[in-house]
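Chain lettering (A, B, C, D and E) follows the sequence in which the chains are written, and residue indices restart at 1 in each chain.
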Amino acid sequence: MSVFLKRRSKKAGLPPGTPMYLGDVAHSTEVTVFRYDPQRWTEETWSRHTEPPEVQADSILWVNLDGVHETELLERFRLAFGIHPLVMEDIVNTDQRPKMEDHGDYIYLVVKMLQLHDVEGLAEEQISIVVGHGFVLTFQEEPGDVLGSLRDRIRMGTGRLRTMDAAYLAYSILDLIVDHYFAVLEGLGEAIDIVQEEVLRSPDSQTLERIQRIRRRLLLSRKAIWPMRELAGRLERQENPLLNSVPTVYFRDIYDHTIHCIDTLEAFREISASSLEIYLTSISNRTNDVMKVLTIISTIFLPLSFIAGLYGMNFVLMPELEWPWGYPMVLGFMGITAGCMLFFFRRKGWL
Amino acid sequence: MSVFLKRRSKKAGLPPGTPMYLGDVAHSTEVTVFRYDPQRWTEETWSRHTEPPEVQADSILWVNLDGVHETELLERFRLAFGIHPLVMEDIVNTDQRPKMEDHGDYIYLVVKMLQLHDVEGLAEEQISIVVGHGFVLTFQEEPGDVLGSLRDRIRMGTGRLRTMDAAYLAYSILDLIVDHYFAVLEGLGEAIDIVQEEVLRSPDSQTLERIQRIRRRLLLSRKAIWPMRELAGRLERQENPLLNSVPTVYFRDIYDHTIHCIDTLEAFREISASSLEIYLTSISNRTNDVMKVLTIISTIFLPLSFIAGLYGMNFVLMPELEWPWGYPMVLGFMGITAGCMLFFFRRKGWL
Amino acid sequence: MSVFLKRRSKKAGLPPGTPMYLGDVAHSTEVTVFRYDPQRWTEETWSRHTEPPEVQADSILWVNLDGVHETELLERFRLAFGIHPLVMEDIVNTDQRPKMEDHGDYIYLVVKMLQLHDVEGLAEEQISIVVGHGFVLTFQEEPGDVLGSLRDRIRMGTGRLRTMDAAYLAYSILDLIVDHYFAVLEGLGEAIDIVQEEVLRSPDSQTLERIQRIRRRLLLSRKAIWPMRELAGRLERQENPLLNSVPTVYFRDIYDHTIHCIDTLEAFREISASSLEIYLTSISNRTNDVMKVLTIISTIFLPLSFIAGLYGMNFVLMPELEWPWGYPMVLGFMGITAGCMLFFFRRKGWL
Amino acid sequence: MSVFLKRRSKKAGLPPGTPMYLGDVAHSTEVTVFRYDPQRWTEETWSRHTEPPEVQADSILWVNLDGVHETELLERFRLAFGIHPLVMEDIVNTDQRPKMEDHGDYIYLVVKMLQLHDVEGLAEEQISIVVGHGFVLTFQEEPGDVLGSLRDRIRMGTGRLRTMDAAYLAYSILDLIVDHYFAVLEGLGEAIDIVQEEVLRSPDSQTLERIQRIRRRLLLSRKAIWPMRELAGRLERQENPLLNSVPTVYFRDIYDHTIHCIDTLEAFREISASSLEIYLTSISNRTNDVMKVLTIISTIFLPLSFIAGLYGMNFVLMPELEWPWGYPMVLGFMGITAGCMLFFFRRKGWL
Amino acid sequence: MSVFLKRRSKKAGLPPGTPMYLGDVAHSTEVTVFRYDPQRWTEETWSRHTEPPEVQADSILWVNLDGVHETELLERFRLAFGIHPLVMEDIVNTDQRPKMEDHGDYIYLVVKMLQLHDVEGLAEEQISIVVGHGFVLTFQEEPGDVLGSLRDRIRMGTGRLRTMDAAYLAYSILDLIVDHYFAVLEGLGEAIDIVQEEVLRSPDSQTLERIQRIRRRLLLSRKAIWPMRELAGRLERQENPLLNSVPTVYFRDIYDHTIHCIDTLEAFREISASSLEIYLTSISNRTNDVMKVLTIISTIFLPLSFIAGLYGMNFVLMPELEWPWGYPMVLGFMGITAGCMLFFFRRKGWL
């Protein structure tokens, strides 16, 4: 299976609006519920034997679901928060393009969370954010995210987060995810720098694989980050009163960061593309050096060997063989021949 | 004949509006007629000795024609459903660019159905969809399509399909075709992954052919999918009351999927383009390795052979030949020479 | 002289509005006059000793001039039909970019007629079309065009042509020229397919020339076809009552065909660009194969020759030479050496 | 100093509006004054001891200055014709991008005059045109321009020039300069054709230099011509009554020519880019041929030499040496070996 | 750490609006205060034990801070001049994309100052400019800038600077920074010219590094200069009365210069990209030459050596050895063989 496409074809043929998870499942869905107001906060793991948590007028509710493969469980949340079936389908089909949909009562955002693991490479995870009056729902494919510091801010009450409404929470989540793109790009930048150094110093066939891997990661990041520009731009321009509490300049900030990421990605892409050319040129350079050594050796010793072979012939009548100075003369002639060759190579600049 | 163009030139010179099929014909046209309402459905193969089926007020009629080369038969349907001659010309000339035309009473859509066959490669088929009040006509070039699951939905009454009008049926057909693009892209993605692996591990001249074949398929897919963006965008923005029953968000969904396909195609294109460069670099790498072996062997044995040849000369007066330690000394000198060469190669990093 | 530019510099320095033909002249201008209405038609070769034909209210006049180098003759037609001097300059300077100019009383169109000759390659000819009330003038550089079938339609009265006005005639001419682009693209597509096959199977230095020739033709076609998009778009949007009789959908058709041509050209361009890379890779592949043969042979026989040379030395004291089993032992040692080498090559995958 | 940038940094740090010439100076400024009306004309070299010529109501004044490095002299003209200091700065800083500025009383145009010299390559010269009521000022960097034919038209009174106002003169200058771009492109086209031929027939290391030189000239031309599109477009749309006398269609003409130049430049760029690839492929082809010769020779003679060496060994006990048919048998065996090799090469297609 | 991204990830997780410096710190912040009116000026180093300087109605205040890592110090200035926390965050996070923000009372500009050092390469420094009524604040990362000549103009009162308001000062700063881009581009242009020469004359593996270094610098410059276009465009179109005193034409000038820089950068990019191809071709050319020498030598001496080896065999019965003319005949035959080879090479054009 290609890294660029999840098995969406599984779904081809089902009626539109049928949610069906496309990824692999290795865990059961975990639901954590945060509820906070400026004074206090609670944090609990939701038990599936109880009702979905309810929105309350005087506090903000943040429900995070790790896992989108349990269709019945999701259906209960869908009904509890009044989400459209098509939205739920997009939440479950985790191969969406990042986008923003304004449904009046709530706003639906799909973004890609990128994390760089040293061993397995780049991990991409779809995170769906539903923002409504007084609540935020986040749907992730797997446990583990980049929102740890946000949870700490809720717990400790640092910053303005606890005093603001749900839209600000959603903005903070987006902000964190985009900020984390920079970490990913930094990691890629370092990998590119290492490969660049390797290409110039000691390229081997593993370098090729490394370059190829980096280019794939860049493409993957690009697919995730590029549509964020449109998403952020639409957030900046949207007029839903839900988001009124977040000043436009904040969304502009996310937009600027996204553009910055894209600029960087393009620069990386160009550099990594040139790496391959540099590599090829570098190998040609070396082959040229190898060839020179071979040619010098052959050009010196083939003629000498011929001369030696000449006087190794067994003809009865070879007058030179009888001459007393024959052997030294031949040696001298060989020396002169070799010297001429070396002079010729030096003039060619091969030595 | 190029894979990118059907023999359109056959038609050059005919008056505009003359329908003439451009493909090869190997079967006779088959017409299947579905008629359904929320309660019941009928499915029959239309006999060409009867009149074309008529639209009825309380049920939806779906007529599917497999084959567009029988001009008289098509003409009968054209008159029965009141289709413009230019539209019929486009239906028959199966080399159209995907597009949408609003003719007031009916809407005409041309799309490309893509199917990936393992053996013959990528099959492209033009499917023309005419949506009117209470009916949908689909014109395909050949039997066999991707709409099987849709037929099952009509038969079984799953989903909302049976309760909706003709526009929803047309939307469902479009949706299925676009969903199937993902299956095609997945197949291409897998082929690309295999070729990538091959390029890095064991490239040979067949790899070249495989890369070239993939690039052609990508180009073909691109020609089919790219115009769908415009088509979907126009569907989203159109104001014909015919399509009122399908919420805009559904067409937006098709639009989003198309954009997603295009993004993926572009990523594939870039990866497959880089495969060739990787291949070239990889071969240069190997040639370099081969050259090193040749150079090492030559550089060691050419000088040694020369020395051996030297003492194989038949000069009468060669004092060294008489020396008792001559032979061992020469052997020793040869050993030292070979050792120096090996040391030189190790320092160069060739060993 | 480059194939992309006619000697326009001849004209630099003349006052604006001076018509001066830039091509080579090998024939005298021939003028054919068609005059038709729904009932009858006449066709004659105009004699230059008579006045230019006059427009009549109840019939359509089509005057075709093959040759634009006889300035006085053209001037007579210019005055007879009231054409602006700048337009006549553009008609004569046959190196125009395709464009449409609305002059109120008449509309001026410049298009490029492409024809693919097997031997000489791609022929491009500028055809200027002037459409007025009741008449169409066409100016071609040379005899021979793609409009034969149109003349037949006038003669036979097939299609709607004879019943329509001058604008429809002009549209039919445009339609034919654009339809003929497909024939040219088909020819190019076939040439590309052949070259592709050749590149993969048996590339030689003539393949290079063929690729280069195809790319030039693609560029030439692109220069001719690309501006047609703008021209067709403007025709679709124009509001001159002259063209009222031709429904917009017809011009939209030409627009769609042009876009289709452009898509195909771009696909061709990409494929032919990749051909060169494939070629280069293919040659590197072969060089690698050749190198392997050379290296295997050298690596086996250079050491063996050295051993043989060793025992060909004439030292008085070489004990091995006296041994009764010396010769077989050396032969055996040589066999083992060669065997080791072959084993080494097999493990490297060179055999 | 790079060919793409004049030493603009000289100026960095001066207050905005300080005119300072950036080029090299090798001549003193020469000022020629044309004054004409439909009936008569005068032409004189202005002496710097007199006042700048004055505008007269009933005649057109054209002052041409060759040389923009004498700041005091320019200042006198600036004051006499009421030109803004910033404009004068742009006139003197001859590294401007072509542009058009409407200053109400006068219009300021910067364009690049291109001339192709056989020996030194492509010469670019900035020409500034100031058009006011009844006068045109042109500022050139050096004597020598492409306006000779325009001067002749004034002198001889051919065309409409003498009967028109200053705007028409300015238009004629622009027209001539753009017309001359075609001459430059023709020259480049010929150079490209020659290099293309050379690349396919007999590439050597000088070809590389030629390709590189052509690409630089193309880039230079592109930098000069590309902004002309915007300039011509603005001229077409401007509403300053100064230019009322020149019909919009004339500026449209310049626009069309510029687009045509740009199209041609892009085609040239693509062809010259492909030249390099063709060159590389062509060299690889030759290396492959050379390698084949080497491999054939080595593969035939290395085994033969080994056999000869074998029977040159001096073992006391080598029974074959005593056989009466030993020598002919060895010769025969050698012939068979060589024959097999040749057969093998022929089957490989190397012969 | 990659050269393209500062360690922004340090900041991920902090609440929005937290200023945190991302660079390395090696100095303490230095604050210089200029205060001037048309008649007089003062210049002093601000002591951190005093209050931030105050704006006065009749003079212009310019405060320059070298260093943005001392958060408390910056906070004092922030409060004194009423700057928004988000702005201060951008000032401190020196990895911003150049942009312009209109905050009503003041305008905030981020630009990149480029300086070309011979040894360390290209230095990029973020400079933030805050323009308000009667004051300009500039925040730089490190001491040392390109504004020396501007300070001199204040001190000496040259130009209009002292008579204008704060907006003009800000404009002058921008103008200087953009003017300095030309100096950077000139330096890059020279480096490119040198590398180009080297590539054609004597490419070695260091050339590769140089090309790579230049491309990185071009990318870096591009990231800095490209967004300036948007910034300058917005300055030209803005309507804040703060900037009323600076005529739009001045901002247009900056815009034009930026476009000019971008054009030049693109040309540089293309040339430096082609350098690599030229390099690769050039090396292939040389390898071809080397191969020819090797092949000529081998092709001449391998057959000759074989013949010599043949008559070195020790067969008892080799009649040629006894012939009196055997030796001269063999020598002659060898000479003829060598001559044929040389003739063959000359005909192939290898000699």
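Keep this in mind: contacts are C-beta pairs under 8 Å (C-beta built on N, C-alpha and C of every residue); 3 or more make two chains touch, one makes a residue touch a chain.
Owing to the predicted nature of the structure, the values given are computational and were not obtained by experimental measurement.
Enquirer: Between chain C and chain E, how many steps is the shortest route if every step has to go to a touching chain?
Expert: When the steps are counted carefully, the minimum from chain C to chain E is 2.
Enquirer: Any chains in contact with both chain C and chain D?
Expert: Of all the chains present, none is in contact with both chain C and chain D.
Enquirer: Taking the mean of the CA coordinates per chain, how far is chain A from chain E in Å?
Expert: 26
Enquirer: Measure off the straight-line distance from the CA centroid of chain B to the CA centroid of chain E, and report it in whole Å.
Expert: Their C-alpha centroids are separated by 42 Å.
Enquirer: Which chain B residues reach two or more other chains?
Expert: 277, 280, 284, 287, 291, 294, 298, 302, 305, 309, 312-314, 318
Enquirer: Which label fits the chain touch graph of this model best, line, ring, star, complete or other?
Expert: Contact pattern: a closed ring, each chain touching exactly two others.
Enquirer: Would you mind writing out the residues of chain B in touch with chain C in their complex?
Expert: By the definition above, chain B touches chain C via 1-5, 7-9, 11-18, 86, 95-97, 99, 101, 202, 204-205, 208-209, 211-212, 215-216, 219, 222-223, 226-227, 273, 276-277, 279-280, 283-284, 286-287, 290-291, 293-294, 297-298, 301-302, 304-305, 308-309, 311-314, 318, 320-322, 324, 326-327, 330.
Enquirer: With touch defined as at the start, can you tell me which chain E residues reach chain D in the complex?
Expert: By the definition above, chain E touches chain D via 146, 148-150, 153, 158-161, 172, 175-176, 179-180, 182-183, 185-186, 189-190, 192-193, 196, 200, 249-250, 253, 256, 259-260, 263-264, 267-268, 270-271, 274, 277-278, 280-282, 284-285, 287-288, 291-292, 294-295, 298-299, 302-303, 305-306, 309-310, 312-318, 349-350.
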